[in-house]
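So the structure is just underneath, and the comments pick up after that.
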Amino acid sequence: MRAAVVGVTGYSGTELFRILSNHPEIEEINLYAREKEGVLKRCLNKEVSAFRNIENELLPYDAKKIMEQNDVVFFAVPAGVTSKLAAPFIQNDFPVIDLSGDFRLKDPKEYEKWYKKQAAPKEELEASCYGLADFYKPDTSYIANPGCYATATILGIAPLLIKQLIKLDSLIVDAKSGVSGSGKKLTENSHYPVINENALLYKINSHQHVPEILQQLKKFDSRIGSLQFSTTLIPITRGIMATIYAKPKDADGFNLEALKKAYAEVYHGKKCVRVLEEGFPQIKDVQYSNYCDIGVAYDELSKTISVVSVIDNLVKGAAGQAVQNMNDYFGLDELCGLPKVPAWP
Amino acid sequence: MRAAVVGVTGYSGTELFRILSNHPEIEEINLYAREKEGVLKRCLNKEVSAFRNIENELLPYDAKKIMEQNDVVFFAVPAGVTSKLAAPFIQNDFPVIDLSGDFRLKDPKEYEKWYKKQAAPKEELEASCYGLADFYKPDTSYIANPGCYATATILGIAPLLIKQLIKLDSLIVDAKSGVSGSGKKLTENSHYPVINENALLYKINSHQHVPEILQQLKKFDSRIGSLQFSTTLIPITRGIMATIYAKPKDADGFNLEALKKAYAEVYHGKKCVRVLEEGFPQIKDVQYSNYCDIGVAYDELSKTISVVSVIDNLVKGAAGQAVQNMNDYFGLDELCGLPKVPAWP
Amino acid sequence: MRAAVVGVTGYSGTELFRILSNHPEIEEINLYAREKEGVLKRCLNKEVSAFRNIENELLPYDAKKIMEQNDVVFFAVPAGVTSKLAAPFIQNDFPVIDLSGDFRLKDPKEYEKWYKKQAAPKEELEASCYGLADFYKPDTSYIANPGCYATATILGIAPLLIKQLIKLDSLIVDAKSGVSGSGKKLTENSHYPVINENALLYKINSHQHVPEILQQLKKFDSRIGSLQFSTTLIPITRGIMATIYAKPKDADGFNLEALKKAYAEVYHGKKCVRVLEEGFPQIKDVQYSNYCDIGVAYDELSKTISVVSVIDNLVKGAAGQAVQNMNDYFGLDELCGLPKVPAWP
Amino acid sequence: MRAAVVGVTGYSGTELFRILSNHPEIEEINLYAREKEGVLKRCLNKEVSAFRNIENELLPYDAKKIMEQNDVVFFAVPAGVTSKLAAPFIQNDFPVIDLSGDFRLKDPKEYEKWYKKQAAPKEELEASCYGLADFYKPDTSYIANPGCYATATILGIAPLLIKQLIKLDSLIVDAKSGVSGSGKKLTENSHYPVINENALLYKINSHQHVPEILQQLKKFDSRIGSLQFSTTLIPITRGIMATIYAKPKDADGFNLEALKKAYAEVYHGKKCVRVLEEGFPQIKDVQYSNYCDIGVAYDELSKTISVVSVIDNLVKGAAGQAVQNMNDYFGLDELCGLPKVPAWP
């Protein structure tokens, strides 16, 4: 198979390149850049110092050529790009894995509200699917790859809703994220002297992954209306920990065993989600792997359920899940080419 | 004034020494160590490399001499020590600031349940006061200095209870702590390759500061019975962020302005608590200072109050509050000698 | 005394404010900003979140008023500013501590070569002194405060030259610096995902502190012509470690004792330099203090002298030495108001 | 092929397991532990939390069974172990990759001097080879895998000696290492509050990799007698940067081009060493890969050569080079199964 990557120089893009380079079914990786000038003959080794021996060229972006020269295309681009570029691929039913936020929200108005950009046309949005790989196999060729916070949070909450265990208005998510989540762009919050030895909240009640999470949670239980969602930046490069709190629907008939059973059942047989028998996972348990690790607890006194869900934001939260979606789309083994053994330490 | 420090070589002890050295009313700092042998002639400069020019000797522990040679004594020792050493000081009404957990819980059974050690005698516990400095002036000479998590959490929650704003069974605390909180002792969780680039929960629903927090919260509202309290270790040396969630008692009549007003009123005139007019504080806002910074938010959709309270665990959460208590006890200006300008960056 | 600070919002400026706030002889700190518009009524608490309760206004820059309202002025500004602003202060013999690089190099051509900016007029450069506080008391009212790398390196090398111990062409400095050294400006190298878990060399053989170091070393031994100077950025916020290598002039008659003796003698009685009797200092030994700690070793096999010199780049390498210079200028105790106990940990 | 790993729970061991798991020629990985009791039925998933879904058992150590059940064995154990265990493997000419220091030094006396342990028998030492993979193909079945510092340093220095460019008594190595290099064992220096925000030298002129480096350098030029070797611990988990300084043999006839040419020639065609055309490499350029990146510079003024060599200490400095040696031994492609694309960021 031949895979195209648009936007390889961003953090999701470099991680995607790394995974695809190690994928046994990928014979060729072709890179495309959107900027018109100076692209010809520009090589990846000039863009990313760690890739100094990698001589893949960045070719000028051209939808027709991408479809001719490849079997699948990955877009690892910021929001606001694929909404304008998707049409020819959708028309030709050419497989696209879109790592950006442009096709995640089905309602264009929601997109425009949260992203402050023009949404993709409604019919294109309808022609795409939300690639929550551990729950759905892709049923369209255009796959919107979930956001990093959304992945950790949805996987953490799913069994609570599917098994109808909780009061729907009690969900609180305290998510912690590493700095790579906000990408290559230099910002105040990613300035080393600011975020090192620090922790800070940002985008308070306004992170663009909130509507994405709710849209998906409503598929599990349509009655859910909202959730409290906090995002704390912590001084690590990679990783997300979503700590989820909820109150049981019926505290009298509830206990830790019931909680554990729900998670074990929902994730039975799912290869990329590892449910702990006891205790909570650490972020380091999943770094550089495609796992989402989940642990649960129940405090009898305060009658509070705690769920901790951790992922590597660049793997399971971006490039890894993208390849998982590609594997699923093409009928390959779900884990094919994915990093299965986390790096420790 | 002459101040004695017992336990100067631990992290609270070194920070206490640093603050006392800069205190304009302290003329003399005398150090005492509990180990009998080899203590005479041992100097602080041999114990802490950063203090290599500081020639204070570690004298052998002797309660009588401590009282003769000093005006106040600080115990910066682990749990289980002052419960055995306090008697002579209490009998002589000699001022003690106890940074350990031994005199924080008024109920010996609670202490024994959470600390797994023998409690101090009940009459001694009764002869001591809990030194939550921003709320109480010491009314006994034996002052139990609050724990670090307890300080951040209680100060963050206080206005919610005092102003009766919340459903009492809805309190959830997601606290993040730096690694210095667990002290000098080498542990798996403080091993650099483990905790660097990581975040992990520990002492799940079982941190010994929980009963201390509840004991104090009951003073604000005796009907409160429990709270969910999670402790996440993050890779920083100093600092605690307590993120507190609660549901308003009466969501219809509630809004952000009411919330802000409550905090502004409760902390009006308190010099060591800085309430933000907008947004949330960062841990770095208070590092190396004696401030507790607090910010609040209210999500109208999920009807959730968020409070973020940050401190430097070694200053406001230990040595700084200890000196604040000393200042209060001796009628000095509350901020005398305390670090008033945080270190930035 | 009343002190003016120009450029308080940079990292040297905030540290300077912190130190001056704690200085017993400073009654008033007046802040001035160079931008004309919007300055009036702008407060420090809007500029630096950690200083949220500090209500000092940023006044519009005005040399005449600065001299009227203050006894000394500190410039904590980038290169290229004081070369244009110094004249009125020099004419009035008004005390200036200049933390920028503009007055460090006596030769305007050298300045222009290394800084790529126009130098201050030669007569002004001649009317200033280089404030290497541990070696010289200021003899002019305009004091050029040394650079951070320069301070650590010069103090580390001085005894080797003063005591004529080494081959002059053998000096190699491998300096490691924290990220705050490059200031508030967002750069690729200070982007957290880049520099975290990394180490990298920058400004190879071209750091602007090189001519400053040589200019000073020539005062110790005029025959020295050059040195190898490498600067490695390491993932810490504060601190510099200069590791210095040299070959003894006469290896046969040389040993570790002679080396130690040289350092002990040169730094005898100097309060801000702590020479170790054995081993090397750590960066953490001096953080948040005004010390320069120095340790030495000699390898008999390779006949190589090693010297390790550490400072906090924002204290001894900037704001602390600036206050030390002020103290010296005004005849105060050299350590007055300076942080004398390092923060540990 | 079937591979045995003894000592999988250490940091080199977990990395080795990760690489072998992804190796296309390895069908089976068998784990053995030396402790007798409790080993049967103990699974890897109980030992390393990140490996929670990996069900390989830790089998009791048994040389005979290891040889029967495998085609190669890796020892990822501390010093002092394989010196006692090697005999049966050597007698049977069974392939061993020994990641410990026990077989690196050919001279038993040197081993005993530096390691303070009993050396392996001389005839066994002679029956082994030093697996500096980029220079030698294994010529015995017992391969001593080089140390991490040794790998970075030797690869950095080699062209200087091979091409006879330098004064042999001028070599100075200032090596910086991440904390994983000292392994899982809890130590003062690996305690997070100590090493975070710090840098410190350890084992001054006494690191056990020094004789290993010299032994190898003598193969390039037998006249070399010593080198200055400093080891600075920096707060990162993975990575080594060896900064190497030397003086050219003949400064008049020397220049940067000659230096670059030497490196280009010596490493021409070597797949795991990437020589930079310009500038120096960063540690992050090689993290999680098997590359050694090398950059060079020459300062005309001080006549000093600088070489910077970086590796991931757990990959190229341990497990990766071990697999490279296995590949070479079995005639596989040298890069087979090795991580070829570094993780960025």
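Letters A, B, C and D mark the chains as written, and numbering starts fresh at 1 in each.
The definition used in the following text is that contacts are C-beta pairs under 8 Å (C-beta built on N, C-alpha and C of every residue); 3 or more make two chains touch, one makes a residue touch a chain.
Bear in mind the structure is a predicted one, so any value in this text is a computation, not a measurement.
By number of C-beta pairs in contact, A-B leads when A-D and A-B are compared. Averaging Cα atoms per chain gives one point for each, and the point farthest from that of subunit B is the centre of D. Averaging C-alpha coordinates per chain places the centre of subunit A 36 Å away from that of subunit D.
Taking the mean of the C-alpha atoms as each chain's centre, subunit B and subunit D sit 46 Å apart. The centroid of the Cα atoms in subunit A and the matching centroid in subunit B are 39 Å apart. Within subunit C, contacts with two or more other chains are made by residues 11, 180, 193, 197, 235-237, 282, 284, 287, 345. Those residues of subunit B that touch subunit A in the shared complex are 169, 171-172, 174, 176, 178, 193-194, 196-201, 204-205, 225-228, 230, 232, 234-239, 241, 243, 245, 279-280, 282-284, 287, 297, 299, 301-304, 306, 308, 345. Listed in rising order, the residues of subunit A touching subunit D in the complex are 11, 14-15, 17-18, 21-22, 24, 48-54, 180, 197, 237, 274, 276, 281-282, 284-289, 291, 293, 339-345.
Those residues of subunit C that touch subunit A in the complex are listed here as 11, 179-180, 184, 186-188, 190-193, 195-197, 235-237.
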